[in-house]
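Take a look at the structure below.
Per-chain residue numbering starts at 1, and chain names A, B, C and D are given in the order in which the chains are listed.
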């Protein structure tokens, strides 16, 4: 169908003095597929919009080219306007003649401005409309892991009216909850919280709990993940709209950095918690308890958090002397600063060392010698119990689950650490979210925030049960595709899968909902079988072609 | 694209480099006007052929400008772009165009000054070549 | 005139062989000097076949020279340069001129040599070559045709006691022994434990086979390190390289001779194996000094 | 699948010197999958040739085409019949079979190979292909634990390994490559079939396929 282009130029309230708009109009009107060239002062305002609307209604044009300011300021205005006029919003091409032309150079830049507009026109000629489609999505969410984060996510989703299924590998829910003695500052003990949550979950018919179950395969894309779950010998397959991974962490005590292995008086944090829970069973009250931190270089918040918590609990319940040997004490997350000051007030002594402290046995107790930086001299202390430092690791299944989902893990094996400031909660795969320990975040404040933002994004995605999707914006042409798997392997969002299309031969298929529109696949495809509407090869080449054809 | 006015084609990722160019404009930082910016969704969208076609059509230099390492919205877009630029450079050397006339640049969305500096450096390199 | 090597194997309790390396050219003077120097000092003289895939005066030619000088040659044949027709023809010719000892080798790869674009043959491998010689000994060629005038070769093969991993090499070693060989000349050996292990293995399969330990003369620390990297099948342990490095400037060669002597004496005294095969690559004139250093 | 690699531009330019109108032909199957001669590579090579000719001042007009499979006569004829009339020479980016199929059909025009066909192989990593089969016509993978010594052992030994294996089980020829026989040993060991390696194997029949090979399948 014959291309008819309407060109709108905006001189930004006549402020772009170094562009002669009338000369540009003159030059452009000579092109036969240009219907009209309008010069306006304020396309981004009401007045400008009205003028555009009436102009488009009168002239039945099928492409719109706009020479104005930067697209991120005005593109949304024009797409909304075109939608209103039932003209496909993708038949729009913008030239940035303000920030990247008028403001960027001295002297007359009419030539460059014209060239930028001609580039936009040459691209506009080749634009194709992109249709929209409503795609049904499953309103069922899968929560992997039944610890604090898993339960919390399920409860919040259920409050938003979304049905969830919790898959927990252990026999009962709870995960690492009972390991923490008292999350200081929270009155109720973790045990109480655990019971409260699991009871509410029991009564909530929105939440289905599958314990001692595990995931064997995850297929499909956002909106429709067919997942196979194995439970006691038989395998169930169910489709979910989104998945929250809360597979948690494990802690490994670091005997290797610690001369005397964990014997009678060198204990782990967990052992200390058991002692605190039943102080009466101890033969005699320990006089002094020491904590050693930062012996290994990589440290994360959990060891420090549990050390402060347990130190305060020791002070409160056992009243013994408490010393903390540490290289540096990171108290950067919420509430930790207050906890640290509280511990100091309760009489916990913090000793800062540079090189590793020497630990040796002496008449049934442990002697810790270190050079304290603040005192500037050697310090030797005898402790009844010395609590070894813990290293936080993702739990065992993380590696296998990661490869099943084609999901990268960071150097220590935690998920989704790649672009934390880009994806605080979401992952590179749409519809998959990672919260809590499996991401390396371990304090309740932060994880609770993550959980709520994950549940809100899921609500946004699934609540209406359908999603509006741009159909085949990035499309694989089946007859050209040789199924060489290159695009499938390199797609950062795992949005491409091998499927049997109508031509019976297996070809790659790009899932519109999961595709994030980066175009890496289109550039790498050796068969030139992938077309990215709006940035297709012929459209980019047309822009290049138009360079240098001005006046 | 005719030969004499030596154009530079800059493929700019809309998340970072394109914003940096806008930032330079808003700060009224002036740079040589023979640059033509082409907006791309990600530096990873730029194909070896696009760069070669730019040179074929007479461009004197090509810049592929993407997000900073590790900050790419699409994780591997900028690293792949760097690989492709390296490969294209070798293809150009085979043809006899060396002196790295195609360059990969990593920018943050508000690095207006660096954008201008990169453009100026390429423009000077081309200027130098033209005079010889 | 030297006694036939097959006899020496039976009668002598410590057999010594050395290597006469052909030159890159047709001037045979230097080779004849080495032959004269060594022919009466050793039980047999091996002649390499384009060693390290470097083109040289042919092994057969040098063997004939040794015969002319009254020495006892061992013809080395690799499978790299000839197919089964050429090898059988060479063997018939060799036997007809009195050369009756053959060392069956697979041969180095073309890539380590100086004609890197040549087409490698490898129609046979060392084990198949051993079987081929047996077939000829039985009076037939590989295609089963009767020979007009048979041959009777004394068959030898090589072994690599210090390979890592060792198990695959031992499988090959057993295969060679099961194919029937009269003597084994190993690659360079410096760690006598490895040699002992190789001996155990040999005797488990074939009590009668005579094993000669390969002794490669080390000239200096740099050369030793170079060989580790580039010469296939040679592994000079670190402590020996250090020992060579500590030797004062210019005495590297005599230190090498001392090491070789020490190894030979130890092998002889502890009766680890039936003899030694001295490879003084490019320094054949020093072999007598090595023999003295070993008290032979 | 067949793996190939593009020739250096210098070599291609020398072949084409003297010809003004060239048809560059890609192939959509094997050489596309190994990134050597697909439609994208056709575009890249054409750009390079145009760039080079414009820099050297000799004009060169290039037509581009990509055949579904260059080894099928019908597909070659259908795609190239008209375009061949407009050019003086054809530059094929197919494997050796493609080049010769085109040469057979359009005998009046010279056909040049832009690729070096290297081996039958499989992808090992993104953009990396490894030789696995040498098409020797007498497959013995049944007793080598599925690892081919004819191709993956540099000397093609049937009673390996050779004496030159490097430390760590690497090949004498290339320290980066594993010795095929060490791999065979380990796999047979894992399957408890090491007796297969102990057995002596006769010299190989190198004429199992009378070169050049020809197969006549029974008509269906």
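By our rule, a contact is a pair of C-beta atoms (placed from the backbone, for glycine too) under 8 Å apart; a residue touches a chain by one contact, two chains touch by 3 or more.
Model, not experiment: these values are computed from the prediction.
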By that same contact rule, can you tell me which chains touch chain A and chain C alike?
D
From chain C, which chain is the farthest off, judged by mean CA positions?
A
Could you let me know which interface, C-D or A-D, is made of more C-beta pairs in contact?
C-D
Where chain A and chain D are represented by their mean Cα positions, the distance between them in whole Å:
43
So what's the Cα centroid distance for chain C and chain D, whole Å?
40
Using CA atom averages as chain centres, what separation in Å is found between chain B and chain C?
63
Chain B-chain D separation of Cα centroids, rounded to whole Å:
36
Hunt down the residues of chain D that sit against at least two other chains at once, touch-wise.
40, 43
Which parts of chain B, given as residue numbers and ranges, touch two or more other chains?
47-49, 53
Would you please write down the residue numbers of chain A that are in contact with two or more other chains?
490
If I apply the definition of touch given earlier, which pairs of chains qualify?
A-B, A-D, B-D, C-D
Residues of chain A defined as touching chain B within the complex:
70-72, 96, 98-101, 103-106, 109, 112, 115-116, 119, 408, 418-419, 421-422, 428, 490, 492-493, 516-520, 522-524, 532, 535, 537, 540-541, 543-545, 547-549
Could you list, by residue number, the parts of chain D that touch chain A in their complex?
28-29, 32-33, 35, 38-41, 43, 126
Sites on chain B touched by chain D in the complex:
47-49, 52-53, 55-56, 91-92, 94-97
Contact residues on chain C for chain D in the complex?
80, 84, 105-109, 111-112, 120, 122-128, 131, 142, 158-160, 163-165, 167-169, 171-172, 174-175, 178-179, 187, 232-233, 235
List the residues on chain D that touch chain C in their complex, please.
154-169, 172-174, 179, 181-182, 184-185, 189, 194, 197-198, 200-203, 206
